[in-house]
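By written order: A, B and C. Residues from 1 in each chain.
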């Protein structure tokens, strides 16, 4: 058996030498990156503020809501300020600014963000209504807040969108990707989403950075509100690449609506798996023509190569 | 730089005022909601009971299985009882009943549930067989129990289904949505699923509340067993909305089978991406007609706008 | 109210009796299975080694990188050795070998694996480049390392693939299924993947065990690189079942490429939702013929049964 200690010494020096190549994945300066665990902790405290009584700390009574809330807000304020100060450094205008300048900017952002919370709650209350009205399987409003992934995703997206509008880099995306990881729903913090938004099931939904969604819109699993070819890559940055969905539109499972000039007119319904790259007039129902099916009777062998093409695993 | 302390006081009182609006997302009474973290902990203890030796507590030997198991069962029994007592309060018949009545009902449910565990293990052992027989990539049975998301999802769904049948609100759905979050597989606790059930890959699978699935059924990633339009919303509650899948049916990736009157006859095979809204006779192979493809040779520019329609990102 | 204590005693003995059936889900021997929590901990330490400065331990400075790294490498080395020793026992050739033989083999594997880390970092640095170049929404390289699920999935897959090549059972799959759970991206550790690999959004991607992918390949959400019918089940074990993707291929969302003899020639572009089961020549653009759509104007009732077929939820 070889001597693992010597091996480790050799391995360590190999990797240290490798760190000295200036790969874009070496960030060995102190405190140069936001702490994703801290951002996750901020999200869970924001959820306690937004949905009082639904998350675990269960010892308060109404008469001390004020002190409970003050503790939560101070915690969010302190940690968010710290993380935003780190993130702002990655903007050209702040990379070499004084600590006072950056942390001053950061605390302005934090207070502006916290002031938004009542408005965010107002929007989320309309989302919960939309979830309940839209889903026959919903037992009551509490079940939606306690267990629906779609509500979790839209909650985090609405919070991240406020930070995005306030010009915070990195952190809004870390927030929505955390929600993406928990729910399979990928909403970019740049997306603009109106009241009474309903997401059912949700896994596989993608909503791109420049998407604009009106009120009372319903979206089911596997829907993409996306861009067309991005061969342009970074050259397309900032350009409008994702569609506009007007009020009262329903988009069923697996449908794709693509392109920055595509507008789905109000009151329209987009059927399952529809693939849309140009605008649709208001009050239109769009669906793919009923697919032709091969139907073959008799004991299914599954080893008929001619038929095998349609199996996918 | 502005004074963050004053800001916080102002923000706290804004949010407190907002709590006083009777939004449906305010639940400030004590202990009125089940604790999702406690439910997750119950799930992990149930997994230790169902798959002895696969989960971390590794210090027991066979001769003290009995004491080990007693500790686990007592823990599940105590915590599940507590959570069910909270959840039952949300049923009209228990919202104003005495504590004795509710906790009495709760402990009857808990013992009935725990008595089901051997039968649930019997079903799950058949699922592990089906996973191994169906997947050439499976190294052995242990790999399936240790790492396959499909087995995790069906395990939690079978446990949640027993609580669903015992009339417990909220908690079964919290359980299956926890599994959905970990696996991307969304099985409603109401769904009835026979022995030897095999799910491969699994991400994007949706199985609705009133689905009925027979024995030896195989389902691949992205399959929906769903409903048709739910414009009816809550008015459809309790109605049969999801399909029946008979024994020995295989449903390949991306297929959708929809509607409460749709029955897939035994021994049938449904091809990838098939879209089915009416019943299929037994021993039938269904597939979409081979899709016509546009094929264009020559260096791919990717900037040909006429071709761009088919790009989605 | 019934006596829960007696009930528990009865339930415990029922389950103990059930453990005595030799179900394939009983593993009551000591230490016979790898510890998934330990494997997750190994992954998070490997991420700290690979992406220095991006993960939480933030107290080091450059001049003690060496001691920091030594601690991490020793921790990974010790725990990985322990887990591999357990896993190797499940290979026929080691199930009854002496402890020295097995742990000797294990430490040879561990040092070979750790020696790969600089090469893995070299590959991952090219992936980060590809992510940045390919995604107009990417703010900078740091955002990609901190938040992109696709990079997390390919990082874990590249590490697991090295252990797979070294003949370690169980653990590589536990690693990639952990990444699958976090990202919705299912990459089997057996898959061979070239440099500059780009995954966007990612949810629903499946890459099978025997897939071979060249350099500068881009893959979007919902893409399957899969097998055809596996009615053969375990009899297909080890056979080539998944496609070959040559250099500079782009595969857009929802496309499926299936079968062990299918080769996508270099420079080709596969459009959204394309379904491909035979080889494609180099520099070809493939897309599904523009789908015919039913378009119906006028206020959308949503209760027109004839139209209902296209709704899926």
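For the reader, a short list of remarks on this structure follows.
Just so we're on the same page, a contact is a pair of C-beta atoms (placed from the backbone, for glycine too) under 8 Å apart; a residue touches a chain by one contact, two chains touch by 3 or more.
All figures in this text were calculated on a predicted structure; none of them were measured in a lab.
Taken chain by chain, the contacts link every pair, so each chain touches all the others. Annotation: the subunit B:subunit C pair of sequence copies touches via predominantly different residues, less than half of the used numbers being shared. Summary of the copy comparison: rotating subunit A onto subunit C for the best CA superposition needs 120 degrees, to the nearest 5. Subunit B and subunit C have Cα centroids separated by 22 Å.
Annotation for subunit B: residues 184, 201, 203-204, 208, 222, 224, 226-227, 230, 232, 253-254, 256, 272-273, 275, 302, 309, 311-313 touch two or more other chains. The touching residues of subunit B, when paired with subunit A in their complex, are 1-2, 4, 7-9, 11-19, 23-37, 90, 169-170, 173-174, 177, 180-181, 184, 186, 188, 190, 200-201, 203-204, 206, 208-209, 220, 222, 224, 226-227, 230, 232-239, 241, 250, 252-254, 256, 267-269, 271-276, 280-281, 283-290, 301-303, 308-309, 311-313.
Here subunit A touches subunit B in the complex through residues 49-54, 56, 58, 60-62, 65-66, 69-70, 73-74, 77, 81, 100, 103-104, 107-108, 110-111, 114-115, 117-118, 121-122, 124-125, 128-129, 132-143, 145-149, 182-184, 201, 203-204, 208, 221-222, 224, 226-232, 253-254, 256, 258, 272-273, 275, 277, 291-300, 302, 307, 309-313, going by the rule given at the top.
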